[in-house]
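Contents: one structure, followed by commentary.
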Amino acid sequence: MAEEIAPHLHFQYADTGHQEETAIAGMWLFLATEVLFFGGLLLGWMVSRHWQQAGFDAGGRETVLWIGTTNLVVLITSSFVYSAGLGFIEADQPRRLVQCCAVTIGLGTIFLALKLYEWHIDLSEHLFPAGPFKLHGSEADGARLFWSFYFVATGLHALHLTVGLGVLCWVIREARKGAYSAAWHTPVEVVGLYWSFVDIVWIVLYPMIYLVGRGT
Amino acid sequence: MSQTATVNERAAPAHERPSYLFDGVTLKSWLLTTDHKRIAVLYMISITIFFFIGGSAAALIRYNLIVPEGMIPSAETYNRLFTMHGVIMVWFFLVPSIPVTIGNFVLPLMIGARDLAFPKINLLSWYLFILGGAVALYALFVGGADTGWTFYAPYSTNYAQGNVVLLVTGIFISGFSSIATGLNFIVSIHRLRAPGMTWYRMPIFLWSLYSTSVIYVLATPVLAITLLLVAFERVFHVGVFDPRIGGDPILFQHMFWFYSHPAVYIMILPGLGVVSEVIPVFARKELFGYKFIAWSSVAIAVIGFFVWGHHMFVSGQSLYASIVFSLLSYFVAVPSAIKVFNWLGTLHKGYIRFDAPMLYALGFIGLFVMGGLTGLFLAALAADVDLHDTYFVIAHFHYIMVGGMVSAYFAALHFWWPKMSGRMYPEMIARAAALLMFVGFNLTFFPQFILGYLGMPRRYHSYPPEFQVLNVLSSAGASILAAAYLMPLVYLVWSLLYGERAPANPWNAKGLEWETPSPPFTANFAITPVVTDGRYNYPKPETSEAHG
Amino acid sequence: MSRVHRQLLYGWLGLLALVAIEFGASILPLPRGLRPALMLPALAMVAVVGVAFMRAKRGPSIVRVFAFAGLFWLTILLGLGMMDPLTRAVYTVQSTELP
Amino acid sequence: MLGLPEASANAAQADLLIGGLVAVSAAALALVFGLMLYYVIRYRHDSPVDRGKIAERTFGFEMAWTTGTLLIFFGLFIWGAVIYVQLYRPPSDTLKVYIVAKQWMWKVEHAGGQREIDTLHVPVNKPIELVMTSQDVIHDFFVPAFRLKRDVLPGQYETLWFRPDEIGTYHLFCSQLCGAGHAAMIGSVVVMSDPAYASWLAQNGASGTLAQQGQELFIRYGCSGCHGGHGTVRAPSLIGLYGSPVPLSDGSTVVADDRYIRDSILQPEQQIVASYAPMMPSFKGVIGEDDLLRLVAYIESLGAEKQP
């Protein structure tokens, strides 16, 4: 019986390879939808900056550059470490996978902690677009537009990251139970795609939030 | 068609297996099922409920418009009613309708698969739909919202009354159900086709489901982010659409219509597929121009993304943008015209029967052509300046959505009902209902074209008295239409208990789904079929005797 | 170190280099209209992540079709979406009276 | 058509276009319904008629009807676009009327200072240009008899021009959902003969023209402190400004129209005139839409002074 040969195989698939490739394809398609999801924000950024360039850039100058940059490096590294873990499980080294997952979770938590600290700074400097606002005068409007975008964008990214952390915790638990091997580790690969995408979102948001508004 | 065993064949022969309807009879076995056929049934029950809630709102709208000052005393109530009607009909009936019910049921059968690629995600899709629907219904009934289904900023963000945030949350959640379904369909069609089932051997319905899914997957996320921005702006009274801080309210319209125009094709493409599937069966003739119909579905899905600005010719968008969008809008009409001509080509020299699915399909052609042609009016810039936001627009899209899509839904429902339920529906009553629907529909919506031309704006609770005659006509038609919609509800439920037992292939149709028993068992196929037909087609007239 | 891991390491180092380039370029006094060009290193980084970490070049071809579809539709959204704002101001009321 | 008056030049053109569309649609409907009925009757399943040979090759048919529909559609597109472009090309001698929409009324201000609500009086056979803005949500100014509508947006001016050519009273509707009073936001456009219009203006004489009222505001809001007088140093002079090209500090040039002047009052830093320092404060939230219109009208009148 098929069930005994390959315990993870669903009955609509011919073999595990077929199923694994399908799962990976499914995750890529989901990421394509995510591209459009964040694409809407990107359009909002472009149009708002087009109408209110001076104020929008003035808003961007108020961001905390060092946190954003540190977070970029942290997240890139986390994606690298997780991919390394995937390489290890392909070489049948589940212990190394668990270690890599742990480091990834650690880096993700650092990102989140820094992000929370950054929000704290932003809020205490009255950069939330509603209510009393730090900037005054002619640039205040555009800056409020920027900060509306900022909070929605970073909030959604942090939400994606938190979901990713949850999924990583699940992967690490399964891996410790010995669920993955060189022969079967589809979830590890699929989760890796998602985690790298979260990384990509931050890579794109980083210049939009921290760099474009500066230096003018 | 020859068949051969594959690796994951299961033991029991087909005739000993219980049908999917009785493979587990507990409530739990239904609510936790991952069988695409059961999920289709769950979806069908859900969207039927939504259809009748949305329909009741429509009935109240028509009731209100019988007299110029409005039968319903309060304009606020009226605004909430048409918002309820629009939101429920668009997101909780039309967008899911054919794909999640008929599509869910027949897609794996048609490609010779045992289920969709991700059965658990399919079930999740239904739960998200139910959750989103429950949240939206709560918002609509407790507090309501008066923004219309279009949620234009800044009205929705800063001025509207009621539960806008909760309502957009419900729509947001149900959006993920659309994405899950679309993702499942696309991946299944790519990865799970039976051996020998090449793209050009696929039933034409799958081409339209595939195109629909492309829109589900790529347009819905933009709606999600748009609604999220609206909710943010409504909660904090500041945001990127807010004109008081230099935000652009027209940006909202761009983002909204980037989803909502392709969503119109979500609503009609499955219908086009159903009709392309039904006509050859009842004309006993191969589909004329299969490849053109197939690729015109893909073309509609792709070009459909380029034309959203035609909703904004009077919105204050730039003249350039309007001209470009108008031109592109005409391009998207061409594939639809191609389909209509090919259907006529299919009818030519056929052996045409008039079973209920065919009557619905023929009615569909007529109403769809009317709807499509009036779309040309609205794509023509100067004509749209006059007709935009009037009852002409209402009539136009109801011809497509209700005349087209709902007719196609009933065509599909009758066509695959024997397969889904294992019972035949009563044919004569079904034909009567189809005719009544056609008459009632035209009586309801044709007067609205004239009303629109005469200048009656949409979403008006009261109106100048000279519009009354046409409004009364329309309301009278609506009552006929309501009766026609109740008929299938009654006789289809009746047939579940008392209908004649359906044979495996009551229409003598080609297609893998007809090679399974009616109703099919859970795994669909005892052995994975191998398709060897040179072409997925219907029998030529000389070889096919009229059935039954 | 295995070949897989060496390639990942190169990818990571490449990304860090791109971060440095991007950050360095942002210090330059670019005119306001050119500042969005700072997105270019980010796009290169997206490509590196896609190829090195997400293995876009391996796996079934459908993966690349989906990735392409996502980017293509993003281009439509941004391109046609910006068409209106970019041209809206041009046709103001009096523009026909330009000398 | 159908008894709806064609009260402007655009209405006749739009009606012709709609008539053309009706003709195309009727022909297409006749073709589709005709063929459909003919086929389903002739080729019903129990009809003994000889089917003969069935067309095997479909490519020629496909190309024929694809090309045919494309050509017809392209013609319709051009037709609609040509009329539409005219709506964005007002003649230079328009009579300007200012409109402020708010939930749920139309406030109309004439150049002579006359004000009215939910009614718009205009002379016949004169090009009228409406300069419209909204105080709250998006409204839409729709006059079926002119076959015209345009959204009225908060935060910016939209313009709409027409040349009424039939004396009469016509419906004015708001056709963009704007709240509970949406259906009540209706009024009328009264097209009058020249003498009747002149006497209407005289009877509704206001305390000074719109521009004169604007001049008072110009002093009251302190604009004159910097922009007043001739040859001011701190701020550019506004005399002769209206309708002329303005060189900006970023090297581009804009034409000083209503929209530009409004934006410059509300967001002065956005478009700085070349060789001036960005020092003007924003008047956003200080000056309401009504007063803005008066200021714009005043600055426009300064433009007219210079031209002979």
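The first chain written gets the first letter, and so on, giving A, B, C and D; residue counts start at 1 in each chain.
Note that contacts are C-beta pairs under 8 Å (C-beta built on N, C-alpha and C of every residue); 3 or more make two chains touch, one makes a residue touch a chain.
The shown structure was predicted, so the numbers you read here are calculated from the model rather than taken from an experiment.
Here B is the chain whose Cα centre lies closest to the centre of all protein Cα atoms.
The greater number of contacting C-beta pairs, out of the two interfaces B-C and A-B, is seen for A-B. Averaged Cα coordinates give chain B a centre that lies 36 Å from the centre of chain D. Chain A and chain D have centres, each the mean of its CA atoms, that are 45 Å apart. Annotation for chain A: residues 21, 25, 29, 32-36, 39-40, 43, 47, 51-53, 55, 141 touch two or more other chains. Annotation for chain C: residues touching 2 or more other chains are 62, 69-70, 73, 77, 81, 85-86, 89, 91. Those residues of chain D in touch with two or more other chains are numbered 88, 267.
Of all residues in chain A, only 2, 9-15, 18, 21-23, 25-26, 29-30, 32-41, 43-44, 47-48, 51-52, 55, 128-130, 140-142, 144-145, 148-149, 151-152, 156 touch chain B in the complex they form. On the side of chain B, the complex with chain C involves touching residues 190-191, 214, 218, 222, 248, 250-251, 254-255, 258, 305-306, 308-309, 312, 316-321, 324-325. The part of chain B that touches chain A in the complex is made up of residues 6-8, 10, 108, 113-119, 121, 179, 183-184, 186-187, 190-192, 217-222, 224-226, 228-229, 232-233, 236-240, 242, 245-248, 251, 254-255, 258, 523.
Within the complex formed with chain B, the residues of chain C that make contact are 62, 69-70, 73, 76-77, 80-81, 83-91. Interface residues of chain D facing chain A in the complex, by the touch rule stated above, are 267-270, 278, 281-282, 284.
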